[in-house]
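Before I ask anything, let me first share the structure, which is written out below as structure tokens.
As written, the chain order gives the labels A, B, C and D, with residue 1 at the start of each chain.
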Amino acid sequence: MRTYAYLGPAGTFTEAALKTISKSSDQLIPFANVTAALEAVRTNKAEFALVPIENSVEGVVARTLDELAIGEPLVILQETTLPVSFSLMVLAGNKSKRINSVATHPHAEAQCRAYIAKNMPGAEVITTASTAAAAEGLANGNYDAAIAAPIAALHYGLEIIADDIGDNVAAVTRFVLVGKPGKIPAKTGHDRTSLAAFIGADHAGALLEILTEFSVRGVNLTFIQSRPTGRELGSYHFIIDAEGHINEERVGDVLMGLRRICEDVRFLGSYPRADKISPTTTKSTTDKSFQSASAWLTEVRQGKKI
Amino acid sequence: MRTYAYLGPAGTFTEAALKTISKSSDQLIPFANVTAALEAVRTNKAEFALVPIENSVEGVVARTLDELAIGEPLVILQETTLPVSFSLMVLAGNKSKRINSVATHPHAEAQCRAYIAKNMPGAEVITTASTAAAAEGLANGNYDAAIAAPIAALHYGLEIIADDIGDNVAAVTRFVLVGKPGKIPAKTGHDRTSLAAFIGADHAGALLEILTEFSVRGVNLTFIQSRPTGRELGSYHFIIDAEGHINEERVGDVLMGLRRICEDVRFLGSYPRADKISPTTTKSTTDKSFQSASAWLTEVRQGKKI
Amino acid sequence: MRTYAYLGPAGTFTEAALKTISKSSDQLIPFANVTAALEAVRTNKAEFALVPIENSVEGVVARTLDELAIGEPLVILQETTLPVSFSLMVLAGNKSKRINSVATHPHAEAQCRAYIAKNMPGAEVITTASTAAAAEGLANGNYDAAIAAPIAALHYGLEIIADDIGDNVAAVTRFVLVGKPGKIPAKTGHDRTSLAAFIGADHAGALLEILTEFSVRGVNLTFIQSRPTGRELGSYHFIIDAEGHINEERVGDVLMGLRRICEDVRFLGSYPRADKISPTTTKSTTDKSFQSASAWLTEVRQGKKI
Amino acid sequence: MRTYAYLGPAGTFTEAALKTISKSSDQLIPFANVTAALEAVRTNKAEFALVPIENSVEGVVARTLDELAIGEPLVILQETTLPVSFSLMVLAGNKSKRINSVATHPHAEAQCRAYIAKNMPGAEVITTASTAAAAEGLANGNYDAAIAAPIAALHYGLEIIADDIGDNVAAVTRFVLVGKPGKIPAKTGHDRTSLAAFIGADHAGALLEILTEFSVRGVNLTFIQSRPTGRELGSYHFIIDAEGHINEERVGDVLMGLRRICEDVRFLGSYPRADKISPTTTKSTTDKSFQSASAWLTEVRQGKKI
């Protein structure tokens, strides 16, 4: 049995995502926000934490990134994605009643505006702290309907009237499973490496230098974001996701390069990509190419005629 | 009299920021989310909209960026920043009553955790959709205290017990004032230019190419974020803030370079920086340097002996 | 009738190359060295000068490059190439006499060493100031044979015993036709542009900056050489040949970029390539791409909704 | 006693340079051209060879570079520079006789043209295969005067009338001492590393990639030249001199990078600079920085909390 912290409350997309990677015998503990969920791992209240990291309707990306980059060190062990799918739900048995008020999180309201305008033009829209909170309030009889994740209906015994009512049916949230630093997940051939690179104040051109460290070794990025580090004005860090695993030569070489030129670098994890896409490597960026170049240098330094 | 839409509800940091740039005679209209506030400008319900764009406790950055990058075109006309300052407030006259329950937005709770643990260790924490919603609920008598922006106390007639109770006293939110495309604010010498650069799927190395267009003309970035464009897998765009004004030669030259190499580029505005920091230019990146190089090329092409 | 100066003496590869681009009615004047031939154009003794620029057995490349880069300005109007083909020649009628002494230029001796070792192992090798001087000395009866350009046999009435006796049958010399600055040859679609880029002392990284100006506009190089500028220690310039014509947008844009970042730039000519190879352009480096980006910028600056 | 081959004949600048680095007990053997001098080392007729490599009046740079890059491998062990100083010399006792004819190498004639025009306006100028050959011919009574290196006067018993008669008094020739691959000279802190980097045909952008390998590790170049490799059209190599020693981490790292991306790389030697200029390193390019980054990567890969 394992213990997982997650961004609660129960009934949100994060719980749904966690169910896809945990066993029924595991213990799943909701926390009020990302910081609390991650702190649970740091203080040994949970072995792992699952938190959203990108494109979530709950808007917590920045918090997750900041905690991983600046908080007490944790590493990403796994990632999982979940389609963002909003359902309209009512109290069981109320399926055919007119909806005069509907509750949801502000972001969800933005994404379901077209549906609301068409199907409940006169309904009052009440905003809540999470989509699960909307479902909970519905269960408490506070309003007529809620827009939430399908799992919320299950959780609060509600009845779903309509599925996939959001504008963007392709929307996906990426979640990361986080643990204490220790064993790095094995290389799979379709891995992602996350890191935070810190630069000093007033270092114009630093980002180009950082990216050149990647490109010169043929390592592609899949995500980048600059963040003010917060301690002093003009001090920045970059959160970067790159293709490949730290135990691959080219990725290790990039990390060493960053370590040399950055004020600080924090390794945030190497783990299998949810989409199982393998990095594109050329003959000059394989492990073999790095190892053979290293062997060649050793011989040249020994004065051997090459 | 001008009409401003803003991210509501009334009593949040956005309203406080808007008050610093509007007149008392102006009309300020709160909207439930960023999309709605921006849509008000698009549909002529408001002349301008003020929305948070970076580092906000309300977590709406992604929504603002996506609306500007992908929604029907709007441009940034001005930016303003506001320190993120949380206050603890109670009903007027209840200053010395024991606090058994306190409400706030989940992000605010994360930032004020140390204060809560020390001063109200036994209090129940209730999360709300916004800090203003917490204040409103307090005014309605739903709980004993709320953590919100100081302006919320003013708005709901509450009494502040403690100011600046967040962990990070340096936290700042950046807001942008947005309008319909038209006249670009005049050059001030300390401007910022925002843009969105779109790249096609499977274009490894595109980010380095994009950054090189900036660096080769000596234009520094102040912000960058990659975002999945959403329509097809692997299709990305970058939101970029750069130093300088589109009417400066080097910035215009960068934009033309991006226009050539990117699938698409959207200009999001040139406007004065709130911090009034001027870009660092060298003798090779001034307007004069660009103009004199252009005059020289014309002469060389005419076969003049230079 | 036109007057051409060329690197003499008569009977060398340069005269042979000049015959391929001049008419029989033109006047061809040999000069003792490259500087003298170019000076003839500067002082109006000749309209044009043909001099070797690359890979010549006569070793004069550096002189040509230095004259063009640092001397009083001249521009390249045309290039032509000639295979380096050495012939062994004797006095007419001496075809079957044993060769005890053979004269040639030191570079030619190096390239024909295998042939000499095999066919005249005991012969004394006499070095001369040019291959034509070897032929002239042979005509004067100074030794038994000479190794020179085929044209030298014609010139001095000698008899060729063996052709193509050099080691590298693919060797080619590139010559440039030089004139006073004035009209630039028309664009042909397969042009080369030559230039000299000067950098100040102690400017580490300058070469990378220079090359980036080319690569960011998709302009490929075909030749590069660093040269000490000579006036002060550590001051360098680069002689660069690039694909394309100065009247093409991307090439003009590169030149403006270099003009901004270099201490000085000298345009050395745009002219058709002898090999008629066209540059590889992508959709982002065509004239049309540059013009459409420029039109777009104008509209964006006017505040039009794009 | 050591045996040195050198570019002859005796009495040229190369012999003068060799005297500055050899002992009087050493054996110095002149060869007719650079190829022959280097071949003497390859075939064990000499232990070392001294040949000019850059900016020489004898014009042999290309030959030296080609032999090192493409011929059977040799390495540079030392470099030395010599000011290019031309002297006017006559037969002993003829100091006050009128000069009607003067002999010299064509390059020397170009450099001394102003002096000749002013002091011997009517003299016939005879060109010879080397400046030493001019001195030798003078000793044989072939003409009235010779322009050559001061050492030639010593060698042929001639009398110097005027020193430093060239236009460019700052001109310097750089010579390299070459030997068979084996022991690399020890690091001195002011070293240069020479190499040849080969790229395949049609690899546009290859030079930028090559330079980026240097710049990303903070290694500056002091010389670069492209050369057609000769075997197939469009196949190039670059001769590059860089600051630093192969046994320094950043230089070794560059070499490995080049080995990975180039078709071939040949190490041509690490040796002390004649001008004793030390490379500029930053805190991110020292050996210590490389070693500490490597130690850090090892710990991160072991899952240690950094």
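Everything below uses one rule, namely that a residue touches a chain if its C-beta (ideal position, glycine included) is under 8 Å from a C-beta of that chain, and two chains touch if they have at least 3 such contacts.
Given the structure is predicted, the values throughout are model-derived calculations rather than measurements.
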item	value
Required minimum of steps from subunit A to subunit D, each step between chains that touch	1
Gap in Å, rounded to a whole number, between the CA centres of subunit D and subunit B	59
Whole-Å separation of chain centres (CA-atom averages), subunit A against subunit B	22
Where subunit A touches two or more other chains at once, by residue number	212, 215
Interchain contacts, given as pairs of chains that touch	A-B, A-D, B-C, C-D
Interfacial residue positions of subunit B with respect to subunit C in the complex	73, 180-184, 209, 212-213, 215-216, 246-247, 252, 255-257, 259-261, 266-267, 284-285, 289-290, 292-294, 296-297, 300-301, 303-306
Contact footprint of subunit C on subunit D as seen in their complex	32-36, 55, 58-63, 105-107, 109-110, 113, 125, 127-130, 133, 168, 170-171, 204-205, 207-208, 211-212, 214-215, 220-226, 228, 230-231, 233, 238, 275, 280
